[in-house]
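In the two complexes that follow, subunit A is the common piece, with subunit B as its partner first and subunit C second.
Up next is the complex of A and B:
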């Protein structure tokens, strides 16, 4: 038998009130081991209060080569921002 | 056909130009972005060798964990060695994003194809070596590594930020060991001096060959794998370390070492580059021992890795059955 441990992505919540953030990746045989390893590899100095692990193969990522059609359409839609709208200078609370 | 080739070449050239401009503009390169083959290869080489250095670097210190002189020293040394394992793991996964597998990197280390820092091929003979390594070797490593927090490849830069944050305690614990020995008996002070004598020159070699012998400097500067040249970093290390030796009351083993008032830096003696190349080529005192320790750990751990996979498969089969009934 020669099977490699799969790759996992590790997300850590630094403290309550903050979101889980991607911290890095590691190899582990299963989810339980991935959690335990994540604790040892990424939170040795109280960096977190909660850990998520997800097998890397389950993440679908966008392709940077398609960034043009994906993200550029937002660039010419200035009307989505408050500064697009002209108001008199002396108006308050708006 | 010829036209097609010419077009491809031109397209590649313009992509390379866009790529270089991005880096010059301090933008990061992420794993799925297009990159020149040479950039990928250089980064695989450097990041994997960096990872190997962290992993092999555990061995000379592991040698002293069970013989640490007090519980305080023992927990500190254990924590330091555990950090090094962690640093190796950050770097291996950063390197994997470039398309090389973990297994292939291990193979390269075990077969001797990949290098690691030569400093770890020296033996750790006394407890004072734990002090000298923390003070000098980690001190030199920090100088090499801090500029890498701003390097152009995103995963490498992020790993280095974490590494540098954790590493500052390593140097301090080493210096504290030296300090304690130097305030102890004559025998302890002699032991500290002996460790400095043996680790000083190999530490200076950690910055690599002199600038006129170094082949990769220009390209590495462009890609921000380097911010300063080997000689500049070495000088910085000497300038900041000599006063630290003075505080310990130890003598740096270099008869030509003296402060130069004109340059504001220390002048120092000639480095034995023959020794450096001998160790790089595998003829250091511990090269064979280090590699065989790594290889044995990997080979003898195979049944554990296999058992973990078998267990994971069995658990997921059980889940499937549970779902079915």
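Up next is the complex of A and C:
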């Protein structure tokens, strides 16, 4: 029997943010405990207003060995970035 | 109600948080897991925060020129009015949880009523503290269920803790002469009225945790009169060392 509790990933939405951001991970026996633990470990300095937890094993991650085929083809396609427009001077905050 | 009545009443409340906070503080870096370690020390800090509010108010009430540090660190053992329950040692995680749960349920009920005190200072402290204590109760109650309805070993350990600590629960509802005066003036809470609800609540939780409710009719008392268990001297030696070795030291 594995004596360690399963690993959970913690996502916290901060007061001034709209999206939940990955804050880190922790161990807990179940989802309820993971929420309590996340509250204690990651929001004790009033960082957040909402917490999500998900068991780490439920996250499907891309394989770093496939980085070549997945990400490199995008590297020389500068035309996919909207950087070729001339912006009128009157438009602010861009 | 005299000033001295109110002072003693405040010690009776604040010293519980002080001594339990100190007990939990001993666990800093020793919690069974990183997560519970942080949770328990968070609770400890919540309690110390509450103590500071009470002691700042007490310092105002005292005739001598006392500070909150004097009250926390420079009294003698007999002058501490905490319940025997909160000074019981961190025997193991089951004891820590049961001690916490037995206190949290009482603490929540007390603060609930203290919010209606005629004393605005107490009202304010109660309103601020009750959210923290609601979480403490959730934490310890949840763990009580897990340990009771957990493995054979966890169940045996938590049942032992329940049986051993049960004898300290009756004292939660004792009332001193000072308390009586403060209650009469509408500033304090008559804890005797909370007793039935308290036992109904913890009995229910113990049953849910598949634990046996002790039937003992013999209970320990003394803390509220300043007569403490053998553990208290060690707690104070630890807690007071810095202030006694380096008087008036500041962080």
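Throughout what follows, the second predicted complex is superposed on the first by the 77 of 94 C-alpha atoms of A that agree within 3 Å, B and C clash if a C-alpha of one lies under 4 Å from a C-alpha of the other, contacts with A are read in each partner's own complex, and residues count from 1 in each chain.
Keep in mind that, in the parts below, a contact is a pair of C-beta atoms (placed from the backbone, for glycine too) under 8 Å apart; a residue touches a chain by one contact, two chains touch by 3 or more.
What you see is a predicted model; the values in this text were computed from it and never measured.
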First (subunit B), second (subunit C), both or neither touched by A:91: neither
More subunit A residues in contact [subunit B versus subunit C]: B
Which of subunit B and subunit C A:24 touches, first, second, both or neither: first
Subunit B versus subunit C as contact partner of A:7, first or second or both or neither: first
First (subunit B), second (subunit C), both or neither touched by A:61: first
Touching partner for A:74 - first (subunit B), second (subunit C), both, neither: neither
Partner chain(s) touched by A:44 [first = subunit B, second = subunit C, both, neither]: both
First (subunit B), second (subunit C), both or neither touched by A:36: second
Interface residues of subunit A shared between complexes with subunit B and subunit C: 5, 26-27, 29, 33, 40-41, 44
Subunit B-facing residues of subunit A, complex: 1, 3-5, 7, 24-27, 29-30, 33, 40-41, 44-45, 61, 63-65
Residues of subunit B touching subunit A in the complex: 30, 32-34, 79, 82-83, 86, 89-90, 93-94, 96, 101-103, 158-159, 162, 166, 305-306, 308-312, 315-316
For the subunit A and subunit C complex, residues of the former touching the latter: 5, 26-29, 32-33, 36-37, 39-41, 44
Sites on subunit C touched by subunit A in the complex: 33-36, 38-39, 42, 135, 138-139, 142, 146
